[in-house]
Each structure stands twice: as C-alpha cells, then as structure tokens.
Amino acid sequence: METVVFSLLNGVIYGLLLFMLSSGLTLIFSMMGVLNFAHASFYMLGAYFAYTISSVSGFWLALIFAPILVGLVGAATERWGLRKVHANGHVAELLFTFGLAYLIDEVVKIIWGRNSVDYRVPELLDFPLFTLYGTQYPAYRIFILFVAVAMLVALWLLLKRTRAGLIIQAALTHPEMVGHLGHNVPRIFMTVFGVGCALAGLAGVIGGNYLVTDPAMAISIGPIVFVVVVVGGLGSLEGAFIASLLLGLLQTFAVSIDASFADIFGWLGLGETTEVGRITIASLAPMLPFLMLVLILMVRPRGLMGDRDI
Amino acid sequence: MTAPALKLTDLHKSFGPAKIIQGVNLEIEKGERHAIIGPNGAGKSTLFNLISGQFWPTSGSVELNGQDISRMKPHEVNRRGLSRSFQVSNVFTNMTVRENVRCGVLYSMGHGYSFWRNVGNLREVQEKTSAILEHVGLIDKANLPAALLPYADQRTLEIAITIAGGAGVILLDEPTAGMSHSETDRAVALIEKATEGKTLIIVEHDMGVVFGLADRISVLVYGEIIATGRPEEIRGDPRVREAYLGDENLEGVA
Amino acid sequence: MNFTKSAALAAAISLCAGMAFSDTVKIGFIDPLSGPFGPTGDAGLKQFNFAADQINENGGMAGNTVEILPFDNKVNPKESLVQLQKAIDQGARFIVQGNGSSVASAIIDAVNKHNTRNPGDEVLFLNYAAVDPAFTNDRCSFWHFRFDSDADMKMEALTDWVTKNEDIKKVYLIGQDYSFGKAVAAAAERMLAEKAPDVEIVGNELHPLGKVKDFTPYIQKIISSDADAVITGNWGQDMVLLIKAAISSGSDVPYLTYYGGSLGAAVAMGEQAVGSVYQVSEVNTNLPTTDAQNALIDAYEAKYPNNNYYFHRIHMLMDMMDMAAEKSGSTDPKDIAMALEGMVVDGPYGTVTMRADNHQILQPLFVSVFSDNVQRDVENTSLGWASTDADRIEAEDTKTETTCKMERP
Amino acid sequence: MSDMATENFANLAPSNAQKFRMRVLPFVLFAAVAVLIPLFGPSRSAYSLLNAIGINIVFALSYNMLLGRAGLLSFGHAVYFGLGGYAALHAMGMIENADGGFWGSVPVFAMPLVGFAGGALAGAVIGWPSCRRAGTAFAMISLGVAELIAAMGFMFGSIFGGEEGISGDRMNGPEVFGLSLGPIGEVYWFIAFWTVLAALLIFAFTRTPLGRMSEATRDNPQRVEFVGYDPTRVRYLVFIAAGGFAGLAGGMSAVNYEIFTPEALSLLPSGFVLIMTYVGGARYFAGPVLGAIVLTYMQSNLSDFTEAWLLYLGLLFITIVMYAPNGLAGIVAGLWNGTRATGMAYLKTWAARVVAIAIAMVGVIVLVEVAVRKSNGYGEVFEPFGLHLTPGSPLTWALVIVPLIVGLGLLRHLARDEQEAGA
C-alpha cells in the first residue's frame, strides 16, 4: 500500500516535470514544424541560471528570472539562427537544433564545469512535510507539484482566454493556416519559441535541485521528452499532459516492482536462473519510454490524442 | 468479349462529411481517348487519385482490364498497366532528362529492385530510353538536368516518364496547363503520337485540346457525371451548357 | 657576472633541463574526468599529482622526473582502450586506473595483448581502486598490481560488523548493475549465509550505473522492507544521491558502504547521517599515525582546500613504485614489476605487503563511522570519519585464498 | 557501345575519358594513397589515427546511403554499427575457441563480412516498422529504436556484456595475406583493404537500379510510385544495405579495438556519424569521406590541444548548417567551379572571406581557451606565442573583441559587395 501511495506521488511529480518540458516542445513543434532537439538543453540552462542567480540573491528571484532569461535566449536563437535555416526545410531546422544542443552542452561545461554543481533546495522548503508509513516526505516535492499545476492553469488561461492564445490554438490544429492569419508570422514564431523555451527553463529551475544539475542532464531527459510529445500526439497539449503523467507513473511504478520475468512468466517454464528470467521489472524502467514510443508509432502513429500523423 | 480498359462502378469518396465523389459510373474502352471536364472543384483530381490508387474509394469499385484495383497501392496499379501524369510538373529535378526517363523504364524491363547490375550497362534499358527520348523529341536535351528544362519541355518530360513504362492506360492531368498556343499545339500532337494504340484519359481545361483530342467526353459536376458522349453530343447537351460550358467556349472550338 | 658567463650558465641549465626531460617516467592516468563520476576521477588525479610532486621534490624516481598524463575515459571500457593507446603512444609505460572494474577488466586485457605483441615495449598496469576479486584470482596477470583491498576483503570486514551487531536481523543490498556491484552482492550473500545464517537478506537491488537521478523509489523500497541495515558498494554520484535520498526520506538505519567517503557525500549526508553511515577503507584521516603522515595530510588539504585526503592507497602505490625503482635501479616496467612482487613496506598505518602470488596488496582496513566528534573534518562540514581500535582489521587477516596461477615472462 | 545513340545525338553525354576521370580515377588514387602511406613509416599514433579514419569513412559512407542518397535522417545508425561489431566479436570468440571445424577455418580478416551480415540482419528487422515513414517520423522512430536497443544492451549480458562489454582477440585463426594482425601496422593493411573495398561497393550501389531509385524516392516519392516502385520497399532495401555497411564498419572496429560496449549503440555515436557526414557534405559521394577524415582527426588530435574541441565541433556544425548546407565538399566544389568559371576574381573574394573568418576565429579561440582554463580551476593560463592571457587582462579582451569586430565586419562587407555585384 505505502509503495502505491509514494509511487503515485513521485510519479505524478516526475510526470508534471515532464509536462513542463513537453508542453513547450509541443507548442513549438505544432506551430513551426520544428522538432527542437535542443529543448532539453534549455531545461538545463534553466537549472544552471537558477543555480547562479540563487547563489547571489536566493532561490525566489531565480524562480522568476531564470525562466525569463532562458526565454530570451530561446527567442534570440529563433531570431538569429533558426529563422535563417527555415528556408532549407525542416530537416535543416532539426539539424540546427541538434548542433545547438551540442553547443549549449559545451558552453555549460565551460562556464559551470564538467561536474555537477551544488544547486540546493531552498532552506525554507528543506524540511519533511509529513511522515507516512515511516517515510518522510520532503516539502519541496509538494512545492514542485504546486508550481507545475500553477503553470498548467496559467497556460490554460493563456490559451483559452486571450487573443494570442486563440491564434496559437488555431495554429495548433491547422498549421498550414498560420500564414493566412494576417499576423506577423515571424514574430509569432519568435514568441512561441521563446515561451516554449521559458517553460523548459522553469522546469529546469525546479527540477535541477530536485534531481541533479550537471552537464549530462539535457541528454538524459531529452529523448524522453520527445517520446512524450509523440506518444501524446502532435499538436495536442492534452495528449502531452496525459503522456507525461503516464510515463512518469510508469517509470516510477516499474522501479518499485520487485518481480522478475521468471516470477511473471514462470508458468511458461521460464527459469529464475535464465538470463531473461533474471530481468526484473525495475531494471526495465529506463527502456519503457522507448518501448512505448515504438509501439505507439506502429499501432497508432498519430499518438494518443493527436489528429495528424507525424 | 473483352473487358473495358477502365470501369468505374458506383464510385464514392468522402473526406469526413465532405462528399467529393458521389456515385460515378463510367466505362472506357480499349484504345479510346476519353476526356473528363468540369468546373473547378468538381472532383476531377480526386477521381484521378481514386483511379490511380492514391486514395481508396469509400465505396464502389475501379476495374482495370476487368481486374478490381480499387484497393491497390499506386505502384501496384502502375504495374498492372496504368500510368499517370500530374497537374504540376512532377519530374526528378536532380536528375538528367535521360535518367528521368530511365527511371520510368527500369521496372517494366524487369530490373525492379536489383542491386547487382550497373544501370549504365543495361543495354536494352539504354536503348529503350533513347527510343522514348527520340519519340518525344527530347533526345537533344537528354543530358541536361531536368530542373534546367524550360517549362514546356518539363511537361513533355512528364509525359515521357508516364508512357515510359509501357502502360496501356494513360491518365494525363491537365498536360497543357500554362502553355502558350503554339506549345499547346505541339503538346497535343505529342500526346496523339505518344498514346497511339493506348487508352488515354485526360483532364483538361482547354476546350480546344479536349474537343480536338477526345473520342468521348465525360462532364463531372459536384462529384457526379452528368453526361458522357461524343464531342458533338456534349456540345449539344443543354445540361452541360447550363452547368459548365459557357457559350463562348463552344463557339471558340466550333 | 659578465654576459658570456651567464649565457653559458643558461645554456647549461637548459641542457640539464633537457636531459631531465628525456628521462621522465610518464604515468598514464586513465579515469573519468567528466560526467557523473568526474569528481571521483578528479580527486584521484589530484592525489596522483600531489604524490608525483613529492617524489620529484625528493630527487625523483631513481633520479627521473615523474609526470602524470591524465586521460578522460568517461568510465567507458572502449573509450579507455582508445585512451590507453594514446597514453602508450605518448610514451607512458605505466598506467594507473581505479574507477570501474569494467574499465580495469578491459585494460588488463589490452595490456596483456600489448605486451605479447610488442615485446621489449611492455606496459605495466597499477590498479588503485578497481576491486573485482577476479583480477587477482582467475584473471590475474603479471602486468597487473592492485593497491586496494578487493571487494571480498572489504566485505569480510562489513559482514563481521553485521555479525557483531546482534540487533541486525534484516539486511538490504543495493548496488550498481555491473561486475563490481554484482561481486559485492554475491560476496555479501555468501558471507552472511556463512557467518550469520539468522540474518535475512530482504532485498537485493541492482540499479543502472550512473543513470539514476532520484533514488527515492529505491529508498522507499528499503524502508518498506523493514531492513535493519543497508550494504552498498556504490561510489561517485551513485553514492552521493543514494545517501541524499535516504536522508530526505528519513531512512535512519546503518548504511554500510565501501565508498561513503566519496567526494560530495559528506555534504549530502550532513548532521542527520552522523552515527548511521559507515565505510570500510584503508584510511581515515583521524587515525593515529606518524607526524610525517599528519604533515602530509595537512599539506595536501592546504593545497586542495575543497578536497580531502582520501586515496591513501595512491600514495602507497607511488611510494612502492618509487621503492621498486630504487631497488631495481631501473624504471623499466618489467623490472619494477619484479621488484614489486612480495615487497613489504612499513606504512604510516601499519605494515603493507604486495603479495607475489596474485599481486594483491595486504593492508590494514578500518570500518569508520560518520561522526561529529572528529579532529579532521571532511568537505568543511565539521563532520568526519572516526574509528576505534576495535574497528581495525590487521593486514594479515584480510588475506584470502587465491585461484591465481601467475605466469611470469 | 550501348551508348551509341547518346554519342550520336548529344554532346553533353559523358565521354569514356570523362567517366574514367569521374568514376574510376578517384578510387585508383584513393587506393594508391592507402598503399603508399606505410612507405612513409608512420608512427604508432599515426597508425591508430589512420585505422580510426578508415573505420569512420566506411561508417559515414554507409550513413550517407540514408541521409544523402535516400533522404532519410537517422538518429540511430550506430545501432547497426554496434550490432555488426558485436556479431564480429562473437565470431572472433568462436574462432578463438574453435577446435578445428567451421570456425577453425575462418580468418579474423573476414570479420567485416560477419559484421555486414549482422548489420544487414538488424536493418532488415528494425527497418520493417521504421521505413514506412520518411522525414521527421523516420527520424523519431530511429531515435526511439536506438535508445531502446542501447537500453537493452545493458540488460542482456551474454550478448552485449553489460558495462564491461565484450572483448576479443584478433590473433587467432588462419592468417590471410600473411598478416598476423598483431602489430598495429598489420591491422592497417586490414583496415585499408576493407575501407577501399567498401567505398567501392557503396559507390557501385549508387549506380544500380535500386541505388538510382533511392535517389528518385528521396526527391519525389509520389512520382516513384507511378513508375512502378513502392517507396517503402525502396527505403527498406536501402536501409538494409546501409545497415550492412555500417555493420561492416563495426566489424572493422571490432578487429581494431577488440572490444565493444553497449555505449557503441547509443545516441552519441549516432550523432557523431551524422555530424561527420553532414559536415563533409551529404550531397557528394566524397563528402562523408572528407568529413570522416577531418572529424576523426579533430577527435583524436584537437582534443589533445584543447578541452573545448567539442565546442569547436558544435560551432563548425552549426556554421555548416546555416551557411554551407553542402558541407566541406560543397565548399571545395564551389571553389573549384567558381574559379574555373570566373577565374581569379572568384578566388580573390574567396580568399578574402577565408581571411575574414580566420580573423574572427582568433577572437573566438581566445575567448574559449581563456574561459576553459578559468573554469578548470587548475590556475593554468592560455599562452599562445608567448603571450600571457589571463581572464582579467585587458589584452585578453582586446584580443577577443577586436578580431571579432574586424572579422565579422569584413564578412558583412564582402557579403554586401557580392550582393551589389549580383544585382
């Protein structure tokens, strides 16, 4: 029972963190057709910016300014980089962001070093919130939950209640229409890219001290975010949300399950000492997202909630 | 009794709520030159896509030489002897004219997916390619990259690729669109020459071309064929006049 | 002094410098210098550089300057072999490595092959921390010497400790999913079954090496298994994050570790870990020792204020290599290897022996506990590692049977 | 003789001399260079580098069968390289343990063939679901599959060897061409043989009906359907072939390094081969060869000079994506054609541009190198040509800012000139 409760909590938190990343990626991908390979690198930048700002002026200013900074970096990237290669097609754009991911990784290593930095949970939130079944639950995790939900609500309001949101929504469902909206398309693109990156940056701010802030954080989470976007369905924020939670829960639960293949398929004659039999469900956790991706692409290429094939 | 070259039976196609083709019936005999005309948005291109396998019909069937092809993929349809051209030029722009035609020849000469032969050494393929290039009058430009061809020549190349595989049924989608008068005349002559002995189905806006070329004409309006017949029958059909043909058009060709 | 004279002097000096340079003993250091295990490798490199400086200040190794050439292998065996090739190409005839038995295994293999294929151009591998027991048993090689006690020897110490503590009835094993982690788990199972049949192993978990960012789900499993103690061979970031998660989830059972002294772990543990985290090692800086050794520790920690004197075995390795060079009067890898076999050294914490039969070092081991009552702290936390005399295991007692059949050239 | 018609009617047709110059001569030169290199008595490190280059040439050429020829962007090509390598290592293990029998008679020299089989088999299995789509979808699937296989690599120890990987010994079995394959100089001959052979085969592939149709499918899959070809099938077959040649490169690598670890299957090597191919120039057959040579050299030598070599690599890659999408080969070809067409004038503007870039690079390099040394914290100082550049000194900043402004300004000026000339 306690396993279920804790896995649920941890899984939801991890899932929400994934959603903060995948929502921005979905926005960018659906509107601009750009699969932003560097998206997780902006997440990493968010964590490092927050680390630097918080060591000067405390965590709370970092929470506000780090995402803004990341957003500005993103907008600048679009303005002076991506826009230039736009004419060469989507593959060129994809390659550009791929190179950008490389570049950001290296710049981060030079500025902040090759090893992890000591980016800590703010002292105000560094206490056990409650104890359940003998296990303490850190307050900071609940704080993550709040920030993520607040972001979710803000994004929802932005999309449903503002004019800009309506334009974006229209563009999400009918990407080919963007050009006919009579708006300044380059500026919309720049804004969307900036906002998407800022969301990733926010995830970095609150995820960096929850997990680890090191130069490998981008490459370890990047592919998982792609999985979320494709599994959820392109152009669908709802899909991204569902897929994020699903993956978060799946991975967390898998770790907490002790069964091995032999336990599950023992009735098929699979022995405990065979190589396949020894594989535990917990050890499958890192490959689950990709298994899901391949399955979805084979069975339902438009994703859970998407309305178009990729 | 031989089966018709192409037979459409109660063909329907909808995209969601939009019914584009609503019950088309049509039989085209072997060797016939058949034109399909109709106003913009009547569903002519959709009909071509249904016949050539790019779309699958919602209901109804397409038969090629008596064989049902309505659930086949384009390349399967093509291998059974139907070939088509496109409204916009659709050639391999990165290849030379010769290579373009050669692409059209390869499969029919039995060199499908082979990876053990050098294309340069396939004697029959080279000869056939040269023959086709000569036939359509592009042999002088054989080694130019297709992208550098003038527009009319690109349309010619498009036709050359279409006939290269030796298909018995040829679908041409507005082959003279965007051409000048003299170019159109040459194109018509080429089409007549190139499709000799074959079944030709053509979608065309230029009534001069249609009435000059076609044995029979079908008029497609809102996804239905409202009339089929010889050119003079169509010209005289009041429904056609009402639905589609402006008087001046008809005067023009009369 | 006139111009000619000074010019001649300068020329002489540079000539001497040039000669000294040509007689450099190059030691290739192949370990992670980036990534999750970067800090661990970096700490090792600092200690090697420090030890090399010491030897150079005292006249060098048999009169030769010692130089450490660092190579980053990212704990990847294949990358290590690429770096090994580079090290050899750059003139290194001694290779030192420690982080990752997977890497050490590949290096042993490659060094053996290199030495067969390039007679007269041999390379010697001095292993300072890769502790898979196989390297001094079935897979032992003349060209490999281990200066750390192997996983079995350390596990003997930890299981003895468990046996002594009678409240411990349930033990949880967690480790990294590769040869070393598996060796630790197997040794723990075997030895506990032997020494304390009443102790139950309530969990045996292997997690991916260096990839887990949040150990909370694992800690959750440990807590719900009601374990009385946890044994782990984790090192580097995997050690730090495991302890970090344990502290934040309030898991307060004893954690018996191989590498609780990993850089960064102390900060993550803090006050809450006092008295509950243990490590087994050849040193802790609060052991009684000679004044010279204390001065050495002071000098090291003064030079690298953000580091601690942790890899004592690196100093042992360099000193013993120095002595071997002295003894044989040569810096040829084969001569050094011959001289190292069976060498007995009076170390600052007791007598140290290099076994000739399998090239495994025998040194005293200590089970120390994380404490707030220490003279020397770690990572500037005012906390550190302490042990009593009862926690000392004599070098001779760590000796294990070996299956090694040493083939000498 | 078959080209008689062509010769009669069109003067533009490649003559036999031209064909020789374009298709045969480069390979003759390539092979000649490979044979001549050992005459210069390369050092052991030179041999290590050459062997790595040979492996990467084949790997990049196989990747370009997808990217350049078939228009398929893959983020998982290392999977086939790795699986081919693993197959070869297992075969080497069987040769080592063989007591006569079949494996007793197989030479290690033939391991690239085993690699080819392994890579092609993997391509046949994985390509089946992947090749139904092109473009972004294909890229995503390849990424997912690569991560999946890499994760599985750590799970099935008997096949992939876990963290330790699988090791082998190349000095077993019968010898071919009298090569024991022990010393690195002998391994060079092995690598050179297979590099030249594989390059030749991959080139020959582009001349076959399937090879031609793969390019046709890249440019216009719709048209391809109406000349009787199934684009999915074309992609699938090319995918298998590309997987096979990647596996061949893996087999070469297995013999050269005698070890494979599951990392070899992961995203990082897949990304590296993409960069090699693209930087070299995917539109040209020789592009990947050029890319493999330049990048392997950078990887093994630049990394000794500077720790920031990956940063320079990233900069190079982005610059190529933005300003020279045809890669280094495109730049070389442009220079050649431009000079032939417009003579010295072209060469002059080109040289001016190179100078401008070089000036700007001075600023970038100083900035990066000073920053790297500061971030390392060892107290090292960047001292090029006897200068002493500390992060605080005004000289450092002058050396960063002035070249950047001058270089970029010059580039801008040149671009404007060109525009005016064009207008």
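By letter and in written order, the chains are A, B, C and D; residue numbering begins at 1 in each of them.
The definition used in the following text is that a residue touches a chain if its C-beta (ideal position, glycine included) is under 8 Å from a C-beta of that chain, and two chains touch if they have at least 3 such contacts.
This is a predicted model, so every value here is computed, not measured.
A.B. asks: Please list the single chain whose C-alpha centre lies closest to the global protein C-alpha centre.
C.D. replies: D
A.B. asks: For the pairs A-D and A-C, output the one whose chains share more C-beta pairs in contact.
C.D. replies: Most C-beta pairs in contact, of the two: A-D.
A.B. asks: Using mean CA coordinates as chain centres, what's the gap between chain A and chain D in Å?
C.D. replies: Measuring from centre to centre gives 31 Å for this pair.
A.B. asks: Averaging only over C-alpha atoms, locate the centres of chain A and chain B and give their separation in whole Å.
C.D. replies: Measuring from centre to centre gives 50 Å for this pair.
A.B. asks: Averaged over CA atoms, how far is the centre of chain A from the centre of chain C? Could you give it in whole Å?
C.D. replies: 38
A.B. asks: When the centre of a chain is set as the mean of its C-alpha atoms, what distance in Å lies between chain B and chain C?
C.D. replies: A distance of 77 Å separates the two centres.
A.B. asks: Which chain A residues sit where two or more other chains touch them?
C.D. replies: Expected reply: 109, 283, 286.
A.B. asks: Can you pull out the residues of chain C that are in contact with at least two other chains?
C.D. replies: Residues 177, 208 of chain C touch two or more partner chains.
A.B. asks: Using the touch rule from the top of the page, what pairs of chains touch, sorted by label?
C.D. replies: A-C, A-D, B-D, C-D
A.B. asks: Spell out the part of chain B that touches chain D in their complex, as residue ranges.
C.D. replies: 52-54, 73-76, 78-79, 83-84, 86, 90-95, 98-99, 102-104, 106-108, 111-123, 126-127, 130, 134, 139-144, 161-162, 164-165
A.B. asks: What residues on chain A touch chain D, complex-wise?
C.D. replies: 33, 35, 81, 84-85, 88, 90-92, 94-96, 98-100, 102-103, 105-107, 109-113, 219, 223, 226-227, 230, 275, 279, 283-284, 286-287, 289-291, 293-294, 297-298, 301, 309-310
A.B. asks: Under the touch definition given earlier, write down the residues of chain D that touch chain B in their complex.
C.D. replies: 2-3, 5-6, 9-10, 12-14, 204-205, 207-213, 215-216, 219-220, 222-231, 233-234, 237, 241
A.B. asks: Which part of chain A faces chain C closely enough to touch in the complex?
C.D. replies: 2-3, 6-7, 10, 14, 109, 114-116, 118, 128, 131, 133-138, 210-212, 214-217, 220, 252, 255-256, 258, 282-283, 286
A.B. asks: Would you mind writing out the residues of chain D in touch with chain C in their complex?
C.D. replies: On the chain D side, the touching residues are 43-45, 48, 154, 162-165, 167, 169, 171, 182-183, 257-261, 263-264, 300, 304.
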